[in-house]
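All remarks here apply to the structure that follows.
When the chains are written out, they are named A, B, C and D in that same order, and each has its own residue count from 1.
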Amino acid sequence: MNNNFVKGSWQEILDWAQNKSINMLHYCTGCGAIELPPTMTSRYDMSRFGIGPAATPRQADLLLVTGYLSTKTLRRLIYTYEQMQAPKFVVGFGSCTINGGMYWDSYNTIKQLDKYLPVEMYIAGCMPRPEAILDGLLKLKKMIADGEADGYQRYQDNLEYYHQNQEAVLGEVQRTQ
Amino acid sequence: MLTNYIFIPIAAAFIAYILNKRNRKAGAVITALVSAYLLLSLTALYGRWDITQSFNLSLMGYKIDFLLAVNPLSWLFAVMTAAISILIALFSINSQENFKFSSVFNLNFLIIIGSMIGIVFARDFLTLFIFWELMTWTSFYLISAGKKKMAGRAAYRYIILSAGAAYAFLMAAIFIFQQTGSFAFDSAAEFLVANSPAQSIMLLLVISLPFIVKAGIFPLHIWVKDAHGNAPKEFSPFLSGMMLKIGIYGMIVVFYQLSFFKIIENTIAYRGLPLLSYLFALLGAVTIITGTILAIRQEDMKKLVAYSSISQMGYIIIGIAIATPLGFSGSMLHLMNHLIFKSTIFLALAAVIYRTGTTKMYEMGGLIFRMPLTFAAYLTAIIALAGIPPTNGFISKWVIYQALIEKGYLFLAIAAFFGSIASFMYVFKPLSTVFLGQLKPQHQNIKEVPLLMKIPMLILILVIVLFGVFPGIQMNIINQISGYLGIETVNYTLYSIQGANGAWNSLLIFNIFSAGFIIALLLFSFAKKSKLVGLLDTYSSGEYITDAESYHYAYQYYRPFDRLFDNLAAKSLTDFYETLTKNLVRSGEGLRRALAAGKLQNYALYSVLLFVILAAVGWII
Amino acid sequence: MIDIIYRIGHFVLITVFSMALGLLFMGIARKIVARIQKRYGPPVYQPYLDVLKLFGKDAITHGFIFDFGAIMALGGVIATLFFIPLGSWQLYSMEGTVILVIYLLAIASLGMAMGTVGSGNPQASVGISRALMQMLGYELPYLVILFALIYRYQTSSVWGLMQAQAGSFLNWNLFAYPLMAAVAFVVLIGMMGKKPFDSMIAPSEIGSGPVVESGGKYLGMLLLQKSITIIIELALYVNLFLGGAENILIFTFKMLIVWVLATMFGSLFPRFRIEDGIKFFWKWPLGIAILQAIYIIT
Amino acid sequence: MVNLTLIIAIPLLMSFTMPIFKMLNQKLPKVIALLTTAFNLLVLTANFSQIMDSAIIIELGGWQAPLAINLYVGPLALLAAFLINGSAFILSIYNLTQDYKFDDKFYLLFLMITAGASGMVMTGDLFNLFVFIEITSIAAYSLTAFAGRDSYEASFKYLVIGGIGSVFMLLGIGFTYSAVGSLNLAEIAASAGLINPLLLQITALLFLIGVGIEAELFPLNFWVPDLYTEAPTAVSGIMSGAVSAAGIYALARIFFTLFPAQSFLNYLLYLGAITLILGELIAYQQKNIKRMLAYSSLAQMGLIVAVISLGTEGAVRAGLFQLVNHSILKILLFISAGVLISAAGSKNIDDLAGLGSKKKTAAFGFTIAAMGILGVPFLNGFISKFMIISSSLNADQFLLTVLILLAAVIEIAYYLKVVQKLYFEDLKIEVKKTAVITIPVVLLTLMIFGLGIYPQLIADPLEKAAAELINNGSYIMTVLGGM
């Protein structure tokens, strides 16, 4: 039902509400996780933009992939992504999620995150500092407000493509309905 | 005319025994028919409080007369027995398919019904004692027909306790018989009032002993857990629904008809209440607290519900013991409500045991998906037990609270509050471990219970909600009882009861609650339709779980809370009685080894020794 | 007929008003906590946005009981709302009694408990068992206080208890029985599950406890339920100890003061372990409450 | 009006001609035993109404009262004789299904015991009482030895203690004869005032010990557990049912006629109470079912003696009714226990588990008898327990009542352990074939329910027997008056 998106005014209100209050699930895959506490606490305080941490994927809208991704964590990441609900966005930190970064030739890391999960935005920096993260997230909020952040839609449309890539790396992946 | 209410069930019992030998279901059908007949004829009896029946017998030189009479109190108990026995009989028609002792069950069950109606109509000590013994014996056989090893021990402990108490009762009754020349209650009451207070209080306490045992009040409640926990699954509802109440009936008889309150009027009083009845109330309070704490710890659901019966009986005892009109009607209300919702819980659990075969909570889970009706019955019953407003449980507890607050008994109130709040805990535990949570693989293909077992549960749900919204129905019989026992009545309308400092209007609350529910429903359906997801697809920090077993939180559900009471529960009362019997055995063994060691020469010596001793004794005197 | 429409309109108005007020209070709380932690914190109207966003999102359900639980929770709480006088709107508070309000709150918590445990997630069951244990902890002193108040003013209806404190602010219960007011304040924090007593929704330990599986509209409904519960408990406290109020504005103001104090008080303390929480409630609050009750009775 | 002496004469005649019957046909001794006991019952019923009005006195050997041996058959004696011959009759029905090694000698002794016991009960002469006690004991010594190796030890024990008892009794008779000059009970009772109190005291004690052994009182009854356990079931049945009843009758007859003073009766009271409590306590932890039954019957005997020695008319009536009930119940218990033991092959209670489903009649019999003893309403035990408690409360013996009730609770404890094992536990051993005992079980159960529901049947003879025992003045008058 929710894939034939009607660009009605109601949807705009929802996008506006979505960008004003984002629940962020930071999946600490790599070294970027350490950057998030400072962004949340007093000095940089990301909560003033309405972005707060969420305990479970059910309540989360935003999935932060902070750093390099080993194949083992990819499987968990995929389960978490699928447990999140429709207007959901993925943000990759650092170059490791773009092209493998300094682990470009290691046998057990994922070189390109975009092949497995629809990524909205990458934040550059071999682990971006809090200011960079905030700037990125503000950019994301603007994209959501304009309705451009439709990563979950892309995932839905070419599900086959994503599933093949995932199974190519992980072999068999548990699918929920 | 009254005797046919007693002897028809007993006669039918033998027929049921024989027929059941051939066809498994016959016994339960006969029980259902007999209790249906009883219920109809008893309800027809309503209002005619003047029927009495007596026949006397000069037995071995003693002129004894057996009196039977109807009064509102006994009518209520008789109707309750008949009602609950129909439901249980209907339930057990096909829940006893693979039950080895089903013919023994029906035989004893019918005799118990007959003897209970006999107890309730009895107006003198001897009839009461005869039917009491009959009930105790048949329930002994019934309990020991339960779970293999433990049921035997439980029944054994039960029979010794109640037999000891019954013999004490007999002694006191005969003592009164010698003083007054007859066993009747009224002549005994006159004698007791005229008699010296100390002796008559002693007599009345001894007479109330079997009732204290049967009502499972604090010091003598040790048999209740094992008996209810291990009795056959169809008998536990009757055991905890009705059998505990007969103890209460006895207490009411002792308190009011044998004028226990009149006698202790002038003894020292605490806040306007004679100390002795305050002591009874305190016993009730202690029963609530111990029952609740031990209920929370149990892993076996039937034992948990058994302990909850003990603690709920504590409320009734408090209500009666504080001897105020509100208190009395509150406890009578709670008595009826407890019977209704406790038997619903036990029937629901019996349905679960019928399907899964185990009573351990952590071996089950997620049964709501397979047995929705049983879940609905259990849910309504625990809402009533926890005393949540739209159901009848709240009303009786609220009236008891009104009674306590009106007279300002702080410690009793604290025990009552503790009992009812903690009841949320032990009531929710079976709900979440048995019905909610993960559905175990071995229970995948469980079906709902057959129709005949559904009907009693459905009827009981309707009764809970009906009495929840219209308590007036119960109140008019309770007021007749208070009138009969000489207590002022509480004014009430069909759907509201006037408490000491605040009225209660159940219809209004029901309307508002449903209004609130509708608003929430509208809000819920307004939002997007949600997608159904399987039970195994839950957040487990990324890991995908495959076996339900490791993902069901059920074992030691309230471990932090139990940790606070570990030492209290450890030294439970049962060890006290165990050591008592152990010394008894050791003393017997010691005597045997000392005297009857089998050496012949000692025996010969004893006879000469006896002669010498007695001669010396004779010579001195 | 008109009376019914008026009554329904009144009904809906009160619900919407208290939901809005509750969410506002939650926003204010987040603002205060942020300020204490020397950061700006989200705007005060953030909770409205959260609720709106949540009702816009998709959601998953685990079957009938999961939905029924959420609906019963919100429904129960809305029903409880009408037995407490909000300033001049005395609604049905003449009818119901204080004890009834406590038990009606229990419907809501039982509904939420049933729904969330129905999700099959062990973290939800652990959260609920903690919540029930803690409820036993704080309910006991609260009921003893109610016992003492009802016995003192010989009326158990909330409206009656409020009227008993009319007249100058000197005979508010806060000043008549300061100890009891303090105990009630601590119990209030426990009831609302604020900071020191929030081990039942501990995000780090058990993935935000019972609501672990509720996303989208379920989380939204539970947020609304939380907001109304806050209003109910604050209103109860204000009525019992601060003498209620003539009109709704003063009443809201009093509630705000209590709410701010509670948030400040809460944000200073780390989280209690569950049995220490119960022990704490049964040691000091219960002790003082019993002493106060004995003082009142004799 | 058939001459009552036949009750003693016919069984003795039949017993001594038993070897001849054995030669004629293998089965004959059993049948003869059954017929003689049936005959005895007939004679007793014939004289029933006549005795009810006034006691019959029969002089043997033609001499007058002081010299001749006379039989005094009052209502009390009639009741006891009925009890003895009744239990012998039922046990001989039971014996039809049993076969013993030397069965002709078994039935010889069996008839001798019934004759001796009936004689004990009907005699009015002290020395004659001693003779009949000796006949019964000798028959009992040899009967116990019929059950193989360790029953010899039991019968030897009973032989030694019985011997000591008879020595004491003989001394007592010697003293009384030297003091009073006659052996007739009424004669001695009439001139009791002349004997100096110290001598009276000593003779009372001598008789207490002499007959006390038969009546199973405390220090003297240690032969009972071994005898009842080792002897064959029929023998323990007849011993517990009939012979101990005769022993208690003799003790009561001697004490109420010769030493009616309450101080002597108090000895009996204390001894009886001690026997009661001791018996129950030891019975509580017995592992062997027959030994348990032995201690329980020992305790019941103590209870009966204690109640009778209270001295009031109500108490004696209660004691006698308990005696009758106890005999019926004990015989049923022993018969069913016998069958259960032969079915399980061992006397240990644990091995009897689960026999309820296999051996239906025996288990049913055991349960009904156990419930009877424990005083379940609508069974005979209930009425006698009721009468015992009310009579002991009447004599305001408060402590004794508490003791009786405590004993009753302990009784429930150990009887129910066995009943539970029978019905509600799984079968451990394979069941052997055993004798069919439906007839005796049905007969006894009818009697239990009969007496339980309608005790008026036995109320009238009980009343007369109690009255006769209490006022020995009328006893003396009838015996001496008739002279």
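One rule holds in what follows: contacts are C-beta pairs under 8 Å (C-beta built on N, C-alpha and C of every residue); 3 or more make two chains touch, one makes a residue touch a chain.
None of these values were measured; they are calculated from a predicted model.
**Student:** Comparing the two chain pairs, does A-B have more C-beta contacts than B-C, or is it the other way round?
**Tutor:** More C-beta contacts join the chains of B-C.
**Student:** Centre to centre, by mean C-alpha position, how many angstrom separate chain A and chain D?
**Tutor:** About 98 Å separates the centre of chain A from that of chain D.
**Student:** With centres defined as the mean C-alpha position, give me the chain B-chain C separation in Å.
**Tutor:** Computed from C-alpha means, the inter-chain centre distance equals 36 Å.
**Student:** How many angstrom lie between the CA centroids of chain C and chain D, rounded to a whole number?
**Tutor:** Chain C and chain D have C-alpha centres separated by 80 Å.
**Student:** Using Cα averages as centroids, what's the distance between chain A and chain B in whole Å?
**Tutor:** Distance between chain centres: 60 Å.
**Student:** By residue number and range, which residues of chain C touch two or more other chains?
**Tutor:** In chain C, the residues touching two or more other chains are 56-60, 207, 212-213, 216.
**Student:** Give me the residues of chain A that touch two or more other chains.
**Tutor:** In chain A, residues 2, 56, 58 touch at least two other chains, as defined above.
**Student:** Specify, in ascending order, the residues of chain D that touch 2 or more different other chains.
**Tutor:** Not one residue in chain D touches at least two other chains.
**Student:** Going by the touch definition at the top, which pairs of chains touch each other?
**Tutor:** By the stated definition, chains touch in these pairs: A-B, A-C, B-C, B-D.
**Student:** Help me check something: in the complex, which residues belonging to chain B touch chain A?
**Tutor:** Interface residues on the chain B side: 528-529, 531, 533-534, 537, 539, 541-544.
**Student:** Quick one: in the complex, what on chain A touches chain C?
**Tutor:** 2, 13-14, 17-18, 20-21, 41-43, 45, 47-50, 52-53, 55-56, 58-59, 61, 85-87
**Student:** Which residues, counting only chain B, touch chain C once they are in their complex?
**Tutor:** 366, 368-369, 372, 375, 379, 383, 386-390, 394, 398, 401-402, 404-405, 408, 410, 413-414, 417-418, 421-422, 424-425, 428, 431-432, 436-439, 499, 501-505, 508-509, 512-513, 515-521, 523-524, 526-528, 530-533, 535-541, 551-554, 557-558, 560-561, 563-564
**Student:** Report the residues of chain C in contact with chain A in the complex, numbered from low to high.
**Tutor:** 30, 34, 37-43, 46, 49-50, 52-53, 56-60, 203-204, 207-208, 211-216, 219
**Student:** Of all residues in chain B, which touch chain D in the complex?
**Tutor:** 59-62, 101, 129-131, 133-134, 137, 140-141, 144-145, 148, 151-152, 155-156, 159-160, 163-164, 167-168, 170-171, 174-175, 177-178, 584-585, 587-589, 591-592, 595-596, 598, 600, 602-604, 606-611, 614-615, 618-619, 621
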